[in-house]
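Just below sit the structures, each encoded as structure tokens.
Paired with chain B in one complex and with chain C in the other, chain A is shared by the two complexes that follow.
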Partner chain A sequence: MVGSTILKLDGLSKNFGAFQALQNISLEIFEGEFLTIVGPSGSGKTTLIRLLVGMDEPTEGEIRLRGKRIEGTPANKRPTCMVFQSLALFPHKTVGQNIEFPLKIRREPQDRRQERANELLDLLRLPRDYYHKRIAQCSGGEQQRVALARALAFDPEILFFDEPLSALDYRLRKALEKELKDLHERTGKTFVYITHSLEEAMVMSDRIAIMNAGQFEQIATADQIYAKPVSKFVAEFMGEVNLFDIDGSERSGIAASALHSRENLNLGLVDDEFGTLMVRPEFIRQIDGEGNSDFWVFGKLRAEYLLGSRLHYEFECKDGTTLTVEKLREDRLSCVAGDEVLLGWDVENTHLIRSGG
Partner chain B sequence: MGASRSAKLALYAYGIVVIAFLYLPLVSVGFASISRARYLTFPIKKYATKWYSSAFASETVMELLAVSLRIALIVAAISMVVGFFGALAFARYNWKHRSLFQKVILLPIFFPQAVLGLSLLIWFNALGIIPDWKTAVVAHLVWIAPIATLIIAIRAYSFDPALEEAARDMGASTWQILREVTLPLLMPGIVSAGLFAFLLSWGNFPLSLFTTGADSTLPEWLYAKVVSGYTPLVPTVGVLSVAGSLMLIAIAFAIFHAVKFASAKSA
Partner chain C sequence: MERADKRFGFLCSLPILVVLALGFLAPLAVVALYSTMPERVFGLAHFPTFEAFRTLVEQDYYKSLLWSLGMAFVATCALFLLCWPLAYAMAKVFRSFTLAITVLVVMSLFVSENIRLFGWSLTLMKGGLLEGHARAWFGIGFDGLLYNVPVIVFGLVYVYLPFMLFPLAQGIAMIPDDARQAATDLGASRWQVLIEIDLPLAAPGIAVGSLLSFVLAAGALAESKLLGGQAVIVIADEIETAFTYSQNWPLGSALSVVLIAIIGCLVTYGLARVNLDAIIGRNR
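On to the complex of A and B.
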């Protein structure tokens, strides 16, 4: 499905006065892919999408659509379209008139417009008699579908999404995430989605770009980003994680005082190199004795939380730091709050985040 | 729970007193207009409708109605157009001198109208313009157009700027955005601004007094007649003038409801 480069950003920067919202961003988006840009609020993702659709101009850098520079082209002259966070459905128009809007702008004849609107109602699984319905009479989920239908009526080369699901309740959001992924497959269009919700990104996307402070931290598949984050920021942003400081000048290589490891364990560190050792909470198990795993810590159970199908444990280590452990319900740990236990994990389930020497 | 019975009664009584205080004077004008006596006395001994027939027969009264109506309609029309663009500048677009504009536009409302009328009269004289109903239109606009702007601006503040951005994103030109999105969304504000402008012009006395020159509007004539030469024709014309405004409001409401009904039916 995924083809050649459709959109290429090169050295893109955007300043608002002295504030640098985007700093030297480069990215290639491939034809037919579902790319999600994730970042906390204030990371610059909204600024970026406004540059991509043409509602703002970059301070520096190039945007190329199929090789042609478009950074100075206004939004109404670009073959791309966006679904807004507020959806921006026209309240004075009916569902049908909303969907037809881009066709009306292109002065297509009425019968052609209505035909297309009906096709799109079918595609989005909305009943055809919604054509005459007012926007205010539609539910939140139906409004989402109308907004999608309207964007598809435009027939954009790239469809952008600015967190359109953020205002919906959890169940509806989950359902629409899957529908959106399904719609992506059926239409074969390039989707670029921005959100602050990592869960949303992981469910839908082919690739995820993690954004922080106006730059990309990592661009990769959900699996790679989860298992092999390139920075502490990404590791922590991708859910619960345990991080330990690593110091290549120490004999064991470990700087964190609570962490013990098997002798002669090769972390692959070069002398004087610093880094962070990461282990996800689901890889940690209770062990019987020291040395029964590559790494171990002594932890006192502070609290246990039930997360539906999983359990979340918080242990206090000897040096006061917190270790989080997650278990499926059927693998529940046998300890109770206040118990001191030995917790261990193996090197193949760890990941080293290098931060230089 | 809730107020006691006596407190409720007191509240009702207070409400009735306030309403009576506001509207009894208007009722008394109504009574005065149907009194047969030449001078206003209470209680009225004999009723008559002859002042209404003479009002409709009077060329003076018809001329007054025509002048007032002409001024009010033109003022309303221009206020709607000026107010629309003014409101866009006031509420929608971030431009360099927006905050200055927002303050300057309010100034005419803070001037006492008599002072505004006087200064405009002096200004017209200085320019060598002989005042008539047309200069009154200008005078009314100085005071009313800012009010119309504010009314439309309130409406403009209440709609999501993303609607215009979305229209542009889907290929609409500035003109198409205006026609398809901005204008229809602001329409309720524009209509109420037009109504307000009409009513404010129709009832305006101080600005007209200074700037109509040889022409005369209804309020001016009412005042002149009370000062010299009162007849029951005066309250009669007053009642007709109120009836005129009420009719306009009724028509406007009827149109609003018809439009609402039609769009509800199409949905």
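On to the complex of A and C.
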């Protein structure tokens, strides 16, 4: 389903005075994919999407849509459109008039417009009699669908989303995430979605681009990013994680003060190389004695939290650092707060983030 | 609780209700009654007739009414076109500069309207600021620019500018920026954004500004007297003459009643159509 390159960013930069909001960004977006750009607030993702839809011009660099440069083309001349964070529905128009807006702009005849609006109401599973409803009469979720229908009526080559679900409550957001993914499959359009919520990104996307301080840290599938992050930032951004800084010049590469490992373990770090050893909390188990796993630490249970189907534990290591452990409810650990236990995990469940010499 | 609130609201509004009843409704009722009295009487104890209204039609008083309404309409249109860009800039573009403009415009209201119009009269008259300088510097003399209909409209536009500008800026401030951006993103040109988004969403401001300007301009007197000379007689002038020089109170009352009725219908119609809440999508 994912095809050739539809949008190519090359060396894109955007400065606001002395502040570099985007620094030399390059990215290829493929036809028909669902790409999510995730980053904390202030990472430059909103600046990026404004450049992509044409509301702003880059300071430097190229944007090519199917090979044609478009970075100087204004928003109303681009074959792309965006679903706004605020949805930006027109309050003085009915649901039908909102959906028809792009067709009215193109001066399509009224009967053709209404037909298309009804098709889109069907596609988004809104009743056809909503055509005459006022925007203010629609619920949050319905307004979301109207905004989507309006964007689809435009028939864009790429549909951009600027955190449109962020204002909704948790359950509705979850339902709409799945609907959006489903809609992506049914329409076959290229979706580029911007959010600060990683959960949202993981549910919906084919690929995720993690953004930080005006640059991409990593662009890969959700699975790859979760298991093999390229930086500490990505590892921490992708949910709970335990990180240990290690130094290649020390014995077999392990030098974190609280961390113990088997004598002959080789992580492949050469002398003078530094790195960070990552282990996700779900891979850590309670062990009976030292050496029963590749790595181990002594931890004192500080707190235990119930997260629905899972349990989240916080241990304090000897050097004061925190180790988080997650278990399914049925695999509950046999210790209470204050207990000191031995926690271990194996090398195949770790990932080494190299940070150079 | 709700009942107590209503009671309290009623009590609070009582003073202004009394003032309005005595100061606004009672004189209106007196004027309405006088309009049905025989001409040139000074009491209300006569058998009602519609003589005054017949005189109004037969003696071409309706022409003054049409002049007033016509000039008010032209002035309102001119004000709208003139104020839209400035109001737009005040609401969306200028930041601290908006305050400076507001202060400047409001300051012009500190000086009495008549004095400001005399200033224009001195500027535009033959031998005045403009014509005098043109003659002295370039040797071109002309008749002065006073005493015609356009100069009266100019005076109306000049005097009632704040009454259009501020409501308009308020209306434009109500247009959400993202609605304009979304319309552009969906392919609309600047012109289409103006027609489809700006004008309908600023409609409450446009309606309030236009009604205020129109109502004030239709009842205006000083502009036509000071700048227009005897070029045309406006309705307010006729009403004043009827009450003072001609001592024909029933005729003056009849003229007033017609003017009030026309403007009252217009305002009611205008405000009913542009319901502020409906426009911004509340209620309903």
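Criterion: the second predicted complex is superposed on the first by the 356 of 357 C-alpha atoms of A that agree within 3 Å, B and C clash if a C-alpha of one lies under 4 Å from a C-alpha of the other, contacts with A are read in each partner's own complex, and residues count from 1 in each chain.
Please note the rule applied: contacts are C-beta pairs under 8 Å (C-beta built on N, C-alpha and C of every residue); 3 or more make two chains touch, one makes a residue touch a chain.
Here the structure is a predicted model, which means the values were calculated and not measured.
Student: Using the superposition on chain A, tell me whether chain B and chain C clash or fit.
Tutor: Aligned on chain A, chain B and chain C clash with each other.
Student: For A:Thr322 in the superposed arrangement: first (chain B), second (chain C), both or neither?
Tutor: In the superposed model, A:Thr322 contacts neither chain B nor chain C.
Student: May I ask you to decide whether A:Arg134 touches chain B, chain C, both, or neither, giving the answer as first, second, both or neither?
Tutor: Both: A:Arg134 reaches chain B and chain C.
Student: Contact-wise, after the overlay, does A:Gln110 reach chain B, chain C, both or neither (first, second, both, neither)?
Tutor: After superposing on A, A:Gln110 lies clear of both chain B and chain C.
Student: Check whether A:Thr94 is in contact with chain B, with chain C, with both or with neither, and answer first, second, both or neither.
Tutor: A:Thr94: touches chain B, not chain C.
Student: Overlap of the chain B and chain C footprints on chain A, residue-wise?
Tutor: 53-55, 74-76, 81-82, 84, 86, 88, 90-92, 101-102, 104-106, 134, 137, 150-151, 154
Student: Which positions of chain C touch chain A when the two form their complex?
Tutor: My answer: residues 176, 178-179, 181-189, 192, 196-197, 200-201, 203, 279-282, 284.
Student: State the interface residues of chain A toward chain C in the complex, per the touch definition above.
Tutor: 53-55, 74-76, 81-82, 84, 86, 88-92, 101-102, 104-106, 134-137, 150-151, 154
Student: Give the list of chain A residues in touch with chain B in this complex.
Tutor: 53-55, 74-77, 80-82, 84-86, 88, 90-92, 94, 101-102, 104-106, 132-134, 137, 150-151, 154
Student: Looking at the complex, which residues from chain B come into contact with chain A?
Tutor: The touching residues are 160, 162-163, 165-173, 176, 180-181, 184-185, 263, 266-267.
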